[in-house]
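Got a structure here, written out as structure tokens. Questions coming.
Think of it as A, B, C and D in the order they're written, each chain with its own count starting at 1.
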Amino acid sequence: MARLVSRITPLLSGPVVITLVMIALFSLLSEGFFSPSNAVNIIRQASVLALVSFGQTFVILLAGIDLSVGAVMGLTSCVTAQLMLAGHVHPAVAALFGIATAAVCGLLNGMVHSFLGLNPFVPTFGMWGMALGAALIITEERVITGFPSSLRFLHDGEFLGLPAPLFLVAAVFLLLHLFLRATPAGVATYAIGGNEAAARLSGIRVRLHKTAIYAFSGFMAGIAGILFLARSNAAQAIDTIGYEFDSIAAVVVGGTSLMGGKGGVAQTLVGVALIATLRNGLNMVGVNLYLQLVFIGLGLILAYVSESRSLLPFLRLRRAKEA
Amino acid sequence: MKRCVWLGCLALVAVAALSGAALAAKAPGDVHVALVVKDLTNRFFVEMKWGGEAAGKQHGIKVTVLAPEKYAVDNQIRIMEDLIQKKVDAIVIVPIDGAGIVSGIERANKARIPVFNLNTLATGGEVIGFAGIDHVQLGRIQGQWAVDKLKGKGNVVILEGTTGASSAIERQQGVTEVLKKAPGVKVLASTTAKYNRQQAMKVMEDLLTRFPEIDMVLCANDAMALGAKEAIKDARRTMGVVGIDAIPETLEAIQKGEVAGTVDSNGFDQGFVAVDLTAKYLLKDQKPPKDTLVGSGMATVITKENALAFEKSKTEKFKKFGIKVD
Amino acid sequence: MTLSSRALYRVAAVTAILAAAWIFVPRFGTESNLINLLRQAFLLALVATGVSLTMLVAGLDLSIGAVAALSSCLAATVIVQGHVALGVLVGLAVGALGGLLNGVMIAKLKLPFFIMTFSMMFIVRGLALTYTQGTSIHGFPQSFTWLGKSFVGPVPMPVVLGGAVLGLLYLVLTKTTFGRITYAVGANAEAARFSGLAADRNLIRVYALSGLLASLSGLIYIARLNAADADLGMMWPLEGIAVAVIGGIAFSGGEGNILGLILGGIVMAVVGNCVNLLGLPARFQDFFIGFVIILVVLVDHLTQKRGKVAKSLAVHSHSVAKEGGP
Amino acid sequence: MAEPLLKMEGVSKSFPGVTALSRVDFDLLPGEVHVLIGENGAGKSTLIKMLSGVYPCDEGRILLDGRQVAIGSVRAAQELGVATIYQEMNLIPELTVAQNILLGREPRKARGLLLDAGAARRQSAELLASLGQHIDPDAQVKALSVPQQQMVEVAKALSMAARIVVFDEPTDTLAEKETEALFRMIRLLKAKGIGIIYISHRLEEIQKIGDRVTVLRDGHLIGTLPVAEVRLDELIRMMVGREITDQFPRHRQPRGEVALEVKHLSVRGALHDVSLTVHRGEIVGLSGLVGSGRTALARVLFGVDRRDAGEIRLFGTPAAIDSPLAASKLGLAFLTEDRKALGLFQILPVSDNIILAAIQRLFPHLWIDARGERAAAQEYVARLRIQTPSLSQLVQFLSGGNQQKVVLAKWLATHAKLFILDEPTRGIDVGAKLEIHRLMDELVAQGTPIVMISSEMPEILGMSDRIYVMREGRMVGEFAHHEASQERILTCAVGG
């Protein structure tokens, strides 16, 4: 039994405990919550936030921040929709072009930040405005629909009873987790976030690496934008505004430190699960909109406090023995 | 660091492999209808909520009214997905965007949950019926009244709703249709203020600067009309201001002469009719008509003359359903 | 602090933008437009004071919009019943309380500013909506609306109030012990603690002041709009950051002159104003704002970077020569 | 004479407005420890930075094994076998020992895509073993002690198959025992034929470890001599170019009454039953190895950490010091070991840095009048002879010595009644060090007591009136000035 306990306890970080407590609470209060179909529903709703939060995780690991992801997602979906509708471009090609646009936005963020040494808030905030403006201009502030809906399988499709986005998110998660843990570039990311000067002195090309990570964050926002397009089958520039703060919240609540060098995509996955479960649960229980906002705010604070000072006294006892 | 990979998988698997709770049998009085509106910070939708709840009380069914956290159609889709999981008996949806909401309706169709489309026409998905006012007609009423008031001659400025929103497009279509038939009336500018009071005040300030003489301001909703009239009052200019929705604050402004008139868009009636038809469909299996026009009866603009009469009839209606009006 | 060379670059850039607008944009130079511009600029600057103060202590207050909404709705309820002074006090008190809560949690419980103020944004917005249930509070007496609508000679009251607040803040920040400690905490919070300064107390006061300023901005806005609803200030955090960044406030803390906000406000107001005066669709505004932010900051950074490098070398040589020689 | 491993001929480097190095010759033989000394700004770090590829040299040639090389980047230097170990530990706290050692050069598998963790663990374990260390390669670096972290740095250098290893003031954070371990390890490297360049302020170390010593001043080569033929004061004269007569100024009055009395102070895991007394007009030296609890004691006295037991009496009255704020109000001052992180506001001007600690005293009623501020700052800039172009100069542009003077000025402005100085002259050049000692002497002469923590034996012996020695959080010895000697203190500190 002790061995089992010792294997499980390191998993029970604060946010995981909070998520499980929430699941239990919501299951008691609403009968539809604790069901496989609702689980599938939560996964679908959380998949877009997960993808964009993975990109944000990498930037925050560098002790940076990317405020542009919300607008860049919107730009991707609008570019792709317009290409398919007006340009009669094949959906796959249009999607690739959309993702490329997002990656370029990320690249610009990275270059302005790392080569000109500007605090990352500034270029990504400026990019937020430009990407939003560009998306609005492309779509003339209209909603674009009526394009071929072959992308929809990405979100609505099912395979072995599990939603398609689950496979996409799981594949991306494992790839990124492996990248961070087991590749030189992954370790370099932690090194730059932990001690940039030391990373540079170890021969890591810091500026190049940072630029690549911001471009990667743009790239992930692009993929999230495509999945968003598949989900709503309509493209509107302002629909994805808000994902920048939601993704930062998911990353930080999950346990990745804003100071950089600590955390990872696994923690972010938990953060995303927590936020998605919270929002779905409040709807299932039928809490009125106004109070829902209050509970989301309280939930975020509780999740963060639980991560930084772990809840279970038993856990703390174990950690004290180890230190 | 190994623990993190376990951590991620645990969260995914736990959520995916939950076992189903037993489905409670549905008692007739236990019918639950959800009304999803665009946002609950605008008085028009608050009255629609009251209408829906009133109809619910009449049929003895449970009605919950939900609105998205953010004015984005994706949030409405998320609410519909959650309602599907909650196994509500029917969803009445007022889409922020008729095209954007289609994938939400299709999901409800797949779950065999009937959907009633209200106020803004959805461009796809099966709905058991549509009720709403004829936005184009509202635009025409407003436009015609303005032309008559200006005796066919004068400068007009139009404040449109959120660009791309179906209701904004249709109301704009109605207004411009009428104004085109009056050569003497010149449309100086037609720009959006996103159905928002603060935005309307700012845009109006700039329009007052741009055009020294404006005779009439046509606003696609009352919130914008109230914002515009403040800017006009501050700039010590005089011109007619016409809105749509006939919310109480506008009626007060009409009596004070700050706003020339408004058009009733029957928020309460829309809510009531939609829930009423849905309840009848669920309880008495009466298929609602494909297209129900709500309350286009009051086909005239409410002005100083008939404002009091209109307000009295409205409060009586509310009282009938036991709704306390502040 | 004397107007350093960096500030001169910034003032020059803004005057260049103003001159260009004056020449190319029709009716930009008219008196009414300039008044609108000035009022808009100072209101934006006032909204940005909360964000800027918290940026000075290397933090950020994302809850200013929500705090403004809640405090102004509560104040409006009191003001509508005629007690204007009491209402204003209630508003300011609620604002300060919200800010105080932020400060205590950040300073004492060591919560990161992002999580605390981001969560407060949701919590306070929810409370405001619950309080007003989506309806607006309107009909303020003239003795209150003068806050937003009256003039002192040609100058609109918001400009006078905004100017007074910014002037006072400038004096507080540069000429009082509280101000110096604020810059010190922003530059190096640990060193401030080790220098025997009450760093935590200073943090709490800065966040409380940010909440107070947010509620003041809210009160002035509802005085202008002549109505208060829970929808107020949705975009204030982002607009505030934009004005602060253009105004030269550094995200990393301890650096930036509060008067720079006037320049930031002017740039934002000019962009919005020109888009309207040229009749461009509103969507161009977001693009230009993003573009201007990066442009102004790039120019500022390049001028600053060269300035810094030159200075550091000059000193290096100076001290080497001094120490080395007998 | 073996073929020189490294030869730098006529190397110079100038920045706009200053020549940091002019035509310096420097060479290094395989298996040799070549010590490099000189004041701050003498050009030591510039020479090393050129060798390790941080920036290119303007004139002159660098030859490795007789072949001319151009070292364009840090990576190029590493490939050429030049490894530099900087003073501030360049490790990544969150990563493991193995990850740190092999960062940037990790062994790979699966055609170079994935890291080979097993091979990395084996290689780093081997490297550490060759240095006589057994540190767990999977431990996180943040859990290691300072000396252990240093061994990881050296292991990292070895992993780069370094043929030249540069040590930049490595023993600053170490005490005797660890310095001995470091020298043993350096001798191991020598035996492997690796050339070592050793930069230090501690002149007494030269005899112990150096083969040859080179002195730089103002970017010029003063001389290179075999260590055997050189005397200490001669070296100092070459460095400073002026006669160092009385190294440590001492004009002391008789001891006053008890200023600070600490009885049975303990902090779980750091201090055990520590007692000491400090009298007015006296400098009390705190000696001991790193980790012996001297800084922990200072932090408790200044209210940074909470004490678990024991009593502190200040000027006769019991003092409950629970925060630096309370300590400063009671007239305590604390110059921390890490100037940059805890002592200074880098991006604020000199005047702010000086008046901030005393801001409540100087301006009791909130308002700061510009004249009063300038006068207060100017007074201390003059008194401490701080070299700064103006009062509004940002502190980050001052030299190390001037920065330390600013921190001292900050606390003098508070009219503190008792000073705690933690390594007051570390990393400062000899000239500035002298001035700091002069100021300390002046302060004590006026009766203000000083508690000084220092790892430099000459400074402890020279400046203190009484010396306490600490080991593992306990007070293990107390010597008056006349009875103290290097050997006695060392034996106490090491627990002999």
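Please note the rule applied: a residue touches a chain if its C-beta (ideal position, glycine included) is under 8 Å from a C-beta of that chain, and two chains touch if they have at least 3 such contacts.
As the structure is a prediction and not an experimental result, all values here were calculated from the model.
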(message) Per the definition at the top, count C-beta pairs in contact and tell me whether A-C or B-C has more.
(response) A-C
(message) Taking the mean of the C-alpha atoms as each chain's centre, how many Å separate chain A from chain C?
(response) 30
(message) Averaging over Cα atoms per chain, report the distance between chain B and chain C in Å.
(response) 34
(message) I'd like to verify one number: the distance from the centre of chain A to the centre of chain D, where each centre is the average of its C-alpha atoms, in whole angstrom.
(response) 44
(message) Can you work out the whole-Å distance between the CA centroids of chain B and chain D?
(response) 71
(request) Could you tell me which residues belong to chain C and also touch two or more other chains? (result) 129, 133, 281-283
(request) Would you please write down the residue numbers of chain A that are in contact with two or more other chains? (result) 140-141, 289-290, 292-293
(request) Go through the chains and record each pair that touches. (result) A-B, A-C, A-D, B-C, C-D
(message) Considering only the defined contacts, which chain A positions touch chain D in the complex?
(response) 178, 182-184, 187-188, 190-191, 194-195, 197-204, 261-262
(message) Quick check: in the complex, which residue numbers of chain D touch chain C?
(response) 15-18, 39-42, 217-218, 241-242, 302, 304, 324-325, 327-329, 334, 336, 341-348, 352, 355-357, 359-360, 363, 366-368, 370, 387-389, 393, 396-399, 401-402, 410, 414, 429, 431-432
(request) Enumerate the contact residues on chain C facing chain D in the complex. (result) 175-178, 180-181, 183-184, 187-188, 190-198, 254-255, 310-320, 322-326
(message) Quick check on the complex: what are the chain B residues that touch chain A?
(response) 1, 3-8, 10-12, 14-21, 23-24, 40, 64, 66-74, 77-79, 81-87, 97, 99-100, 102-103, 107, 123, 163-164, 192
(message) Under the definition above, what is the set of chain A residues touching chain C in their complex?
(response) 112, 116-119, 121-123, 125-134, 136-137, 140-141, 237, 245, 248-249, 252-253, 258, 289-298, 300-301, 304-305, 308
